[in-house]
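After this come two complexes, each holding subunit A, first together with subunit B and then together with subunit C.
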Partner chain A sequence: MARTMIRRLGFGVIAVLGVAVLSFLLEFVIPGDPARAIAPRAQSAAVLRNITIQLHLNRPLIIQFLDYFGQLFRGNLGTSYVQRQSVTSLIGPRLATTGELALAGVIAEVILGGGLGIVAALYPRVRAAVSAVNLTLLALPQFVVGLLLLLIFGFKLHLAPVTGGAGPAEIVLPALTLGLVGAPWYAQIVADQMGDSLASAYVRTAVAKGLPDRYILWRHVLRNVLSPAITMIGMDLGAYLSGVVTVEVVFGWPGIGLLAVDSLQDLDRPVVMGTVIVGAVAVVFFNLVADVLRMYVDPRTREEQA
Partner chain B sequence: MAQTAIPAPAPAPADTVTEAVSERSRRARWPASLIAGVILLLIFAGIAVAAPAFGNPLQQNLLTGLSRTGLPLGISWAHPLGTDLLGRSELARLAFGIRTSMIVAIVSNVTSIAIGAAVGLAAGFFRGPVEAILMRVTDVGLALPYTLAALVIAGLMTAGLTRVIVIITALFWAYPARLVYGEVLRLRHRGFVESADAIGARGVSIAGRHLLPHVFPLLVTYSPLNAASAVVFEATLSYLGAGINPPTASLGNMISDGQTAISYAPHLLLVPAVAILLITMSFLLIGEGLKARNPDLARVSWLGR
Partner chain C sequence: MSAAAPPAAAGPALRVTGLTVAYGGLPAVDNVSLQVRHGQVVVLIGETSSGKSSLALAVARLLPAAAAVGGLVEIAGTDLAALGAKQARRQRASLVGYIAQDAMAALNPVLPVGRQLAEMFTVHAGVSRAAAAERAVGELARVRIDRPRQVARAYPHQLSGGMRQRVMIAMAMALSPPLLIADEPTTALDVSTQAEILALVGGLQAETGAGVLWITHDMGVVAELADWVAVMYAGRLVEQGPVQEVFDHPLHPYTEGLLRTRRDLRAGRPGEPLYQIAGSPPGLTARQGGCGFAPRCSRRTGVCDTTAPDLRPAEAAAGSSGGPSPRSDTAGRLAACHHPLSDDSAKTAVTV
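Now for the complex of A and B:
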């Protein structure tokens, strides 16, 4: 088990490095001069040239590349071209804001999706209705769900704030958006797993020996749902922490996704790199954590991996 | 003792059973979701082809297309779905937006699955360094933060259909590559592959003639789900200004325009939103139907959001 984990960790590091190298190269191909983006009204070529030299943009690409990755291995993500502060100090608070939203979103989708799945598994009559709800939610893009929620709860019912920000009232609609969009995935997994479990010999045995329904449900049936659900939660936390760009744009939620979009427009390469790398690390890290947790909860997956 | 007559169960005539069986197999071949999805998709394909018949999507009617206070018009005979902020016919824009979505869905679906299948087949079949490199590259593709990566690529190209298709292909090939790779791993120790190898068939011919036919059903089941994700992603890109830019109509940029009028003309948001919902739904229904026809493939999952 430890060996599998080390191997996966190695693959994870390779994947993150691959993403970093790829985005570093891509950024250099993007047309546009960062110096011009920093000083849009600069009249003289000398000013632009000074900025270029200051940022070391006049050096050969390979030197810049080695320089950047050398610093990266020392944990230094560089300095923002535009904001004049370290990328780490820019990303830190944004990551925290996105983290709040990611957590609230995952909680919302687990509750909504879990609820839908359990209802579908226990009450066959409503199964068709539940899958209709699932398909509808699945068919809608995140930003459409967000805008519809804004329209209904913000503009029509006046129940939620329509201005951007990161307060406790402002988090409700973005988290609900993530919850609604993510719910069908959880509903599907929960319904499938519960269906298998309810039809299994161990549940029949538990019923036959007279265990109370509630005990069977919690100890035998729902426990089996836990392992795939953990995998999904890990994937989602990682993906959301890499920036829920569309939701952040729709609601003006000042997270890491919005930071990335803004710095992309400013050609602020170090910040874009920082957000992409942090995002990739989040994806890889949470997938790994989910795998470890799953092996802990479900002994069967330990053998499978070996 | 009065004997209650228990009616003996009438033996079912043979043809009833046959009919019932054939009825069941007919249903299994054409599940309701598949029929519904295909009908919906045909309707949208029809709208996409006949888009010019719905009017000119670029014609601005600042005098007749707007109210006296300069607001978009609601539903009327002259403008069945109202007009947008520039007095353009919302119906015409919708038809062309649907055309955009359908083109993106079809083209990027083919390109991403073709690349994914090629990578998966190659990685699964040629072992050693090729397998290792291709699958690590696939890992990178799967670990990319989608929206951000899309925005970076968008910066490299000019707005338009090509840009959207390139972005979607660049991001969507990795998942089918992983699917095909997994399938080939299952197949490569089976007799027919090993015997083809034993008689000296070349790798390309084994991959193309022996493995691909086995992987094909998997790809067919996956493709409507992939197309649905492509429609969603196109709309998202155009909404963020990284896909198809105005004045060309796309469901995504129509919503982006419409959201500025959210408080007084919500139909500009709702009309394209319903269209996206129905197009994506048609693909998902087809996907569900194909899964119902072939339960072995039920593990094929949805992709993007």
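Now for the complex of A and C:
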């Protein structure tokens, strides 16, 4: 098991590096001059030239590349072109803010999706209705759901703030948006797994053993649904931490996604790189955590990979 | 350890009367009556789709809601269907133990087998988890599992097929029910493990005095284990009787065919074609009036196509029986055939 984990970790490091290299190269494909972005009104060519030299943008690509990755291996993500402070200090608080939203969003989608899935599996009569709800939610883009919620609960009912920012009141609508958009995936996987489990021979055995229905549901059925749900939670947490751009933009949630968008517009390359790398690390990390948890709840996965 | 069988006054371990199981109006089990006495092993033999598994599931009340069940099933005098859902649930495991065909699928993959066994005692006997775990270890030892303490902590996929089936048997027998139903539990096992399981169940059954209804398609199992054999074909019982009687003097042409295939398998010489019963059993939708076996039967006449034969006592079926058999237990010897084999025509019968 430990060996599996170490191997996964190795793959994770390779994945993060791959993503970093790719996005580094992509930065240079994006048209535009960072110096001009920093000093849009500085007409003087000398000023622009100065900025370019200061940022080492005049050096050959390979030197810039080696320079950046040399610093990266020392844990240094560089300094923002625009804000003139270290990328780490910029990303840190943003990561925490996005973390709150990611966690709240995952909780919302697990509750909504899990609930829908369980209801669909237990009550065949409402299965069609649940499918319709799933399909509707799947068809709605994230920003539409977000704007609808904002319109209804913010502007019409005045139940939620509309001014943006991070706080306990502000988190409700963006989290609900993530929850609604993510719910159908959970509903589907929970309904499928539960359906299989309810029809399984081991549940028939449990019935033959005279165990109460509720006991069978909790001890025998839901334990078997846990494993795929955990995988999905891990994937979602990683993905959301790498930036829920749409939701953060719609709600003005000052997270890492908003930071990424802003710095991309400013051609603030170190910050863009920082958000990409942090996001990649988050994805790798939470998938790893999900794998470990899965081994805990499903003994079959312990040996499979050994 | 041996639990005394309930008093005979409670009735036989199992009495099935006029049992019918239908899926979407199509009968898979058609008016079957059967009895298992305490301490008796009744083997129900039949081909795939003969309805034998539906019968087993109906007796254990494990059929899906979509199946329409008619008739009466009494286990040690108790009709589970007549009880309320809660009462039925509470009593079922102390009345009937069910051993499934595929133990790998029938055990929960994410729970240690010891816990799956122990929950019988926490739920039904209301004992603490620790005490239940201890009893589970005892039950594993009872089905002759070495190092039961270690096995109790194992998950199903970590055990061999034979071990898993032993766990199933331990679970079925945990509350010492008067009736065990075994639905082809040895089918997925290799021959030597099969023999071990047969011996184990035989031993435990003798020890506890439980009645056993064993479902199989394997005549070898019948010879090994059965006191009494019931032959099922296309949803109906076509013949039943003491195993030696049936082997020596099969009355139904289908039974005779089964015995001939077995004899050929055991004694046939290489290169010689094995005997086969021509044709294949009818599916659920292909059954019409008349005898279900008629299309494959060499003794078929006009009446076979129009009238389904009833199960009748041996004398009436076979005419005059040729003297008392060694066991002379012809009571309950039944066959459903318009033209049963009489003794002289049953020369092909097999001795076991």
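A few notes on this one:
Note that in this section the second predicted complex is superposed on the first by the 305 of 306 C-alpha atoms of A that agree within 3 Å, B and C clash if a C-alpha of one lies under 4 Å from a C-alpha of the other, contacts with A are read in each partner's own complex, and residues count from 1 in each chain.
The criterion applied here is as follows: a contact is a pair of C-beta atoms (placed from the backbone, for glycine too) under 8 Å apart; a residue touches a chain by one contact, two chains touch by 3 or more.
Because the structure is predicted, anything quoted here is derived from the model rather than measured.
With the C-alpha superposition on subunit A as described, subunit C and subunit B fit side by side in the combined arrangement. Within the superposed three-chain model, A:Y215 lies in touch with subunit C and out of touch with subunit B [touch as defined at top].
Applying the stated contact rule after C-alpha superposition, one finds that A:S80 touches neither subunit B nor subunit C.
In the superposition on chain A, A:T177 makes contact with neither subunit B nor subunit C.
Contact with subunit B, but none with subunit C, is seen for A:V272 once the two complexes are overlaid on the shared chain.
Of the two partner chains, subunit B is the only one touched by A:E27; subunit C is not.
When the two structures are aligned on the shared chain, A:P141 is found in touch with subunit B, with no touch to subunit C.
If you count the residues of subunit A touched by subunit B and by subunit C, you find the higher number for B.
Superposing both complexes on chain A places the Cα centres of subunit B and subunit C at an angle of 70° as seen from the Cα centre of subunit A, in steps of 10. Shared-chain residue A:S263: touches no atom of subunit B or subunit C. Of the two partner chains, subunit C is the only one that A:V297 touches; subunit B does not reach it. Between subunit B and subunit C the least C-alpha distance in the superposed model amounts to 7 Å. Subunit A residues in contact with subunit B (one complex) as well as with subunit C (other complex) do not exist.
Within the complex formed with subunit A, the residues of subunit B that make contact are 136-137, 139-140, 142-145, 147-149, 151-153, 155-156, 228, 232, 235-236, 239-240, 252, 255, 259, 262-263, 266, 269, 273, 276-278, 280-281, 284-285, 288, 302, 305. In the complex of the two chains, the subunit A residues touching subunit C come out as 200-202, 204-212, 215, 219-220, 223-224, 227, 297-300, 303. On the subunit A side of its complex with subunit B, the touching residues are 11, 14-16, 18-19, 22-23, 26-27, 29-32, 135-136, 138-144, 147-148, 150-151, 155, 181-182, 185, 239, 242-243, 245-246, 249, 257, 260-261, 264, 272, 275-276, 279-280, 283-284. Subunit C meets subunit A in the complex at residues 60, 62, 89-94, 96-98, 100, 102, 105-111, 119-120, 123-124, 155, 157-158, 168, 171-172.
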